[in-house]
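Below you will find the structure I want to go over with you.
Order of writing sets the labels: A, B, C and D. Residues in every chain begin at 1.
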Amino acid sequence: MTAHPMTPIDTPMEDTRPLTFRERHASQIRQWRLYAHMFRKSFSSMLGLSLVVLFLILAAIGPLIVPYPEAASGAINMSAKLQPPSSTYWFGTDEMGADIFSRVIIGARTSLWIGVVITGIAAIVGITLGIIAGYRGGWVRAVIMRVTELFLAVPGLALALAIVAALGPGITNCVLALAIVWWPGYVRLVEAKTLSIKEELFIESARSIGAKTPWILWHHILPNCMSPIIVKMSMDMGMAILSAASLGFIGLGAQPPSPEWGAMISVARTYMPDWWWYSLFPGAAIFLTVLGFNLLGDGLRDILDPRSRDR
Amino acid sequence: MLTFAFRKLLTLVGTMIGIAALTFLITNVAPGDPARLVAGPNATEDMVATIRTEYGLDKSLPEQFIVYMGELVRGDLGTSIVTTRPVLEEVMRYAPATLELVFVAMFLGIVIGVPLGMLSAVYKDGPLDQVTRIFSISGVAIPAFWFGILLQLLFSVDLEWLPVSGRLPLVTRPPEFVTGLLLVDSLIAGNFSTFWTSLQHIILPAIVLSFPCLASILRVNRAEMIEVLQSDYIVAARAHGISSFRIIALYALKNAMLPTLAMIGLRFGWMLGSTVLVETVFDWPGIGLYAVSSALSSDFKPVVGVTLMIGFFFIVANTLVDLAYAWIDPRLRKA
Amino acid sequence: MTALLDIKNYRLDIGTFDGPVHVLKGINLTVNRGDTLGIVGESGSGKTVLVRSVLGIGPRNSKVVEGSISFDGQDITNLPEKDWTKIRGIRISMIFQDPMTYLNPLFTIGRQISDVIAAHEKAAGQGVSSKAARRARTEELLDQVGLPNPSMLYSQYPHQLSGGMRQRILIAMALAGKPDILIADEPTTALDVTVQAQVLDLINSLVEKLNLTVIMISHDIGAIATVAKRCAVMYKGEIVEQGMTQDILNRPQHEYTQRLLAAVPDIDVPPERVAAEVAEAKPAKRGNLLEAIDLKKVYRTQAGADFTAVNSISLAVKTGEIFGVVGESGSGKSTLARMLMRLIEPTSGDIIFDGQNISGLSGEPLRQMRRHMQFVFQNPHSALNGRHTIGDAIGEPLRIQTNMSRRDIEARAEALLDIVQLPKMFKYRYPHELSGGQKQRVCIARAIALNPRLLILDEPTSALDISVQAQVLDFLQELRSELNLTYVFISHNLAVIRQICDRTIVMKRGEIVEQGDTEQIFLAPREEYTKALIESGRKTSQAANLQA
Amino acid sequence: MFGKIIRNIAIAGLLASSVLGTPASAFERTDKGNVIVFGGRQAIPVLDPHIRYDWSTRMMQQAVYDGLVKYEGDPAVIKPWLAEKWETSEDGKTWTFHLVKNAKFHNGDPVTAEAIRYSFERGLKLNKGVAWMLKDFLAPEGISVVDDYTVKFELKAPYTPFLSFLPWWYIVNPAQVKANEVDGDYGQKWLTDNEAGSGPFKLGRWEPNVLYEAEAVADYWKGWPQGEENRPAGVIYKIIREPAAQKAALQRGEADIVEGLTPDDYVQIARAKGIAIEDHKGMTTFGIKFNTQQGPTADINLRKAIAYAMDYDALIQVYNGAASLETSPIPDAMRGHIDVPGIPRQDLAKAKEYLAKSGYPNGGITLPYVHVAGLEEARRIGLVLLDSLKPLNINVEIKPEQWPNMVANGSKVETSAAMTSVYTTPVSTDPDAVAYQYHKNSWGQYFAMMFYDNPKVTEMIDKARSSSNWDERAKLYADIQTQIVADQPEVFGMLQNRRWARRDYLQGFQFSPVRFTGEVDIYPLWVKAE
């Protein structure tokens, strides 16, 4: 306000009582209560949330609560190998006598790491490119989208397989490969979303008041893209864990003694069916974790995506 | 129309070349030396060098790339160093098995996914909806390899209802080659027992492969049905006295099928990618298995070839979806 | 004779997260055979819920608290779904507001209509007639609603037809069952002025020819008056007044009705107040604030052809005046407005603002220029970012264009809320919690935050209810004199233009058809197009019927 | 066509109920007789005997081709085959072979001296596969046809182990090969999935990556050991990649013999009815090769410390007892083997003693342990090693590598890992086959990843391989073994037993330790019908 004087109708505040937090944020509070209400109503969403919370707790404190924490770092006990589940070994033991329960629980942390890194890299790269492609248009969009389509034209797992095969097996390469094939999904999502938001009047309105492009991207487009991104990220946490486990199963993922579930199944599958517990529990752990993230994402979609909202 | 087809074709060729370049570069940055593998464990350096020269592996990477792209333009996918056969020939041999599996899986996915999606949309938030929701998300969440092994154990080992793996029993000679799809070929040949056994063989891998696909078809169909059922023209149809069944099964379904079709196209490609897992578990001699075994022996020409092939099928599938779109949606017919 | 439709003390609640909302509060309404009843009400009055309840397609989660609806002696308040099939579409049928969204885009016209015929035949218990017979009946219906060449239409899809044709097809579908009652839900709202008049004519002629019983709901009193002999006024879920249309229009009893009628801009009433004001200001020397010289915008369509949206328009807006731009949809008026703001790049031509040619500006100078001219958009519902609070939205121009401190911006935002007569508390609210009129005020507050000299208003009231529209228009005029603003006012509504604009241009297909003093244009239009425009505007206006 | 398909679907549906749940038959019966099914994990990409050999390939090569001589029995003995007798010159450089007269190729052509000459020439000129065995001593020009049934080899230098390699040089029919030659490729393309042999089987169905069928030759020139009435109609080698699926196939009788089950599987499946386990002591040695030239493991004291820390019992446990510890670099079944006294066994005190003397008295280092990706036992041994070295405060990083990458890295001192696990199967029964791995000339080969360099040992190896006096050689090999153990270039592991699980009706199984893991001589197999 340098060049122009204040408007003459600058009436003093009639009510000087400062508003309480509750009053100021009544809108948000109502919104969150509505979300919570809708979420609670759905059994599957709550199931998903519980599974995810359980998973996060295990990832946080797993090593502290398991009976044989050394099992995760490759301790062997050949005299106790391939024991069926019992009160000593809740999930039985593996071919080296390590406690499967301990390994499965501690594996949560590995999986969390895998999920967060893959989803994180993919989301950061994908959102950035997507928002630029969608907003800028022209040749920038053409280039970004061509490359994206190229990646999307090859099923991710096949491409990741090729990459890991080339880079060599191992969890880092596996995570890297999956991150490389994962970002295009975000580009497409964010680009489409940006394209539609770009047409909204409030973007034109922001331009008409002289907002620069970064401002518009950050304050207007990104917040409005967030709902589907959050939903996708929640689901992708699960899918990334699943894909890493799949590569682990083929023998290209995490390597022993790292307690990664997919790698455990990869070994355990040769012990089917007589030592069923060996593959059952890591498999169930993957299944429940991925299920949890997907149910959560699905529940989030229901409450965040106005299309499926009733009121 | 002709220019449209031409443009489509041009994009297809461009994408294929792009995929080839992408995969070739990705697979060749690594230090792997397939020549050493095929030369055998005791081979001397000069023997390995013989093989390198034979396959052009002694050239620099850019040179190899140029040679490869040159061959590719002429429709040559190169030669597998492990099997010494042209990749194209091998991929063509394995492709029917994969396609057969994917078609059956897709068929299962559609015939189960679409009606279930419809039902859970109609009974939204009811018990059926909750059950199908957990069922469908389980489908996406379940590790295919694990699920496959469980099914094998249950149906093949325990119950002995279905064969463990493969496409046909050992002594059964495959029917005369027409399409390469055993189910079709055996019917053409009128050989029912072969048809039946190949159906028995395909059912488990197809179920495993279709499960995630079924799930997402179900989800999309449900979501779209819900949206369509709330749309104005459905309200209008109700107001005009058209029966609920007709509204749901004809009017709404046709509208909801559009995004479902897109999902089917997408899932088709995804399925092709997943064959690397399912074919490994079930010993299904398709391109997925071929890709895995080649990748594990650092034999990259086949990996690139399979990736290209999958990309090709994927693009073809999506083009078909586009056509189906135009067929269903009159608004797209004139552009 | 019993009433054909009898609604008794009907109360309906809709359950929401915040508790039940009383949508209908004791409605009493009777419709006899041969009646033409109009229900007038603004958005949220509950009129659509009411008529949909009559058809058994009310909103989800709704609950009838009290009262009943009976049709032809039968209680249909809680009729099971299977019994509805005998009534819905056959004895009571409905035509809808937006003909595009109410026709299934994937089926041919013929298929949709003959399906309706088949459904009726099935419901009546008789066998479904042959395809050819249904086709003949369909073509007969299409002919009845005045559509040319029914046999060709039969195999066409909705997207191939114009809005007016689609509305006729919806009417044909509604007539397929020879209904006892025809409900028309805002049948003209989504149409252009000239088409509106035609559709109303059609309904009138059908009423006469088929002796229909019609319930028509609309927010447009003019449209109601054209069709309905009797009329009910709904406000916040209640019927505040009902009676003969003539009586209500001439002698409104209820305070709301009076207010509503007063708010309707009349195309034939010269704007005394505004005219006086302008006269007063006239002596002052007035230069041109904004000039456009030979502006042109050409779009390239996907097919590769050129489409000229705006063709060689030159205009000059004087400081302090309200400059009107009027035209039907597709006339290029919105494109013109956006070009003046440089929101759309002109293909050619110059824009001169306050003596400076701004058509070549870019980057920082363009940004600087933007604080002097602001835009108010047609649809306040989408012109505000749903993720920002009102306070943020109003403060945004200040944060972008000035380096005021956060606290200063807060204070200024509160002051601006004051100016647009909204409570300060609103700065914590989100757009979706506000009504349309409130949102438009927020948009205006946002637009004037930087003390611009020119406001371009693109149909600022067309998305609003009539009573709100009047308030906003009044407010805009007040604001102009307070802040010394110049307006470019774009509208399709001739009555509104006449009410507030000093000078006006009439646009058609990207070109200026006529321009000059607003009063002059209205009193003595020179061009045929302008005349036709004013005539059809008059037809849907209240005055025409009052005189009839 | 579609009408036909639809009609056929309907009929198939009717048939369905009757076929459901058909119990799996035992061996496959065809109208020609029994077909034995062998379930294996490894494909046979190239059948050409001069291009490629690995266990699955060589098993099928042995079935369709004949060599001049053949290994049979345990311990492996070289038996006359196409050659009924042979003699060596005094200087050990000239070998003359006399062929049997009745041998004929599958197309009816007789097996002549020219075929022998052509086959060896082809093998040497292609310079692939088996070429390495002879190429240093034999040039194509050195082979001459004396008469139709006599062929002569003249070596560049005396080479005692010459004969021990000949069983792996299979004889192809020159007429057939030449007829299918493309661009002077010696018929490589054609022989990839065709055969031109004289062996007991000829090719039947050939579905790469799925199954490979060998059909018995009714009038095989050498006859059938199990008797013409018992001989199988053929053998199908079926690819079953998953051990679990292999086990299931065996249990259901879909396969008659399988290889590659896990150690635990063998223990478990042995209890099943109708299943027998073949369990034989093999010649495949397992060693954890140290990089003796570079890095921490160049320090002999550290190597000794690791060797003494290793839990050797666990190695045996990994195989569920189906293995025996190495007592020397040379496997027990090989001539010249001695039990080297003082070969390290787990002794933590000693390990710590050596560690104290090394450059890392307190440990605190991390050593990589590389194994072939997918080799289950090698991985588990890695875990054993990791556990064993914990008391020394040495950390182990287990790194699986693709075989080609591992070999590529292991071919140079600079890139070779500190510890690499290597299984080695000697291709012949001559001790030179093992001893030469410790020769400096072997550097760069996968089995020489320790880059062992002891001039004294090198000299002794050279001497031993050119000597034709067995007593002198035996003494030399004893010294070589002792010295190698003293230098500790690797942790000497164990000899794993070769195991197959088969149905008990499968008869005629003959084990020979010189064959590769999994490889079976399918010629004498037959099915005993109940």
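Definition applied: contacts are C-beta pairs under 8 Å (C-beta built on N, C-alpha and C of every residue); 3 or more make two chains touch, one makes a residue touch a chain.
Computed from a predicted structure; not experimentally measured.
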Central chain (distance from its CA mean to the mean of all protein CA atoms): B
Pair sharing more residue contacts (C-beta pairs) when A-B is set against A-C: A-B
Centre-to-centre distance between subunit B and subunit A (centres being mean Cα positions), rounded to whole Å: 25
Approximate Å spacing (C-alpha centroids) for the pair subunit C, subunit D: 85
Cα-centroid distance, subunit A relative to subunit C, in whole angstrom: 44
Interchain centroid distance [CA atoms averaged], subunit B/subunit D, Å: 37
Multi-chain contact sites of subunit C, meaning residues that touch two or more partners: none
Overlap residues in subunit B, where contacts from two or more other chains coincide: 30, 32, 149, 153, 157, 280, 296, 298
Multi-partner residues of subunit D (at least 2 other chains): 242, 244, 248, 373-374, 402, 405
Residue numbers on subunit D that touch subunit A, as the complex places them: 242-244, 248, 262, 264-265, 268, 313-314, 317-318, 373-374, 376, 379-380, 382-384, 386-387, 398-402, 405
Complex interface listing, subunit C residues touching subunit A: 16-18, 60-61, 338, 341, 343, 366-368, 370-371, 374-375, 377-379, 382-389, 396-398, 400-402, 404, 408, 412, 414-416, 418-419, 424-425, 428-430, 433, 443, 446, 448-451, 482-483
For the subunit A and subunit D complex, residues of the former touching the latter: 74-76, 78, 81-82, 95-96, 165, 168-170, 251-252, 255-257, 267, 269-275
Subunit B partner contacts - residues on subunit A that touch it in the complex: 42-44, 47, 146, 149-151, 153-159, 161-163, 165-168, 238-239, 242, 245-246, 249-252, 262, 265, 269, 272-273, 276, 279, 283, 286-287, 290-291, 293-295, 298, 307-308
Subunit B to subunit A touching residues, read off their complex: 15, 18-19, 22-23, 26-30, 32, 125, 130, 133-134, 137-138, 140-146, 149-150, 153, 157-158, 219, 223, 226-227, 269-274, 276-277, 280, 288, 291-292, 295-296, 298, 300, 303-304, 306-307, 310-311, 314-315
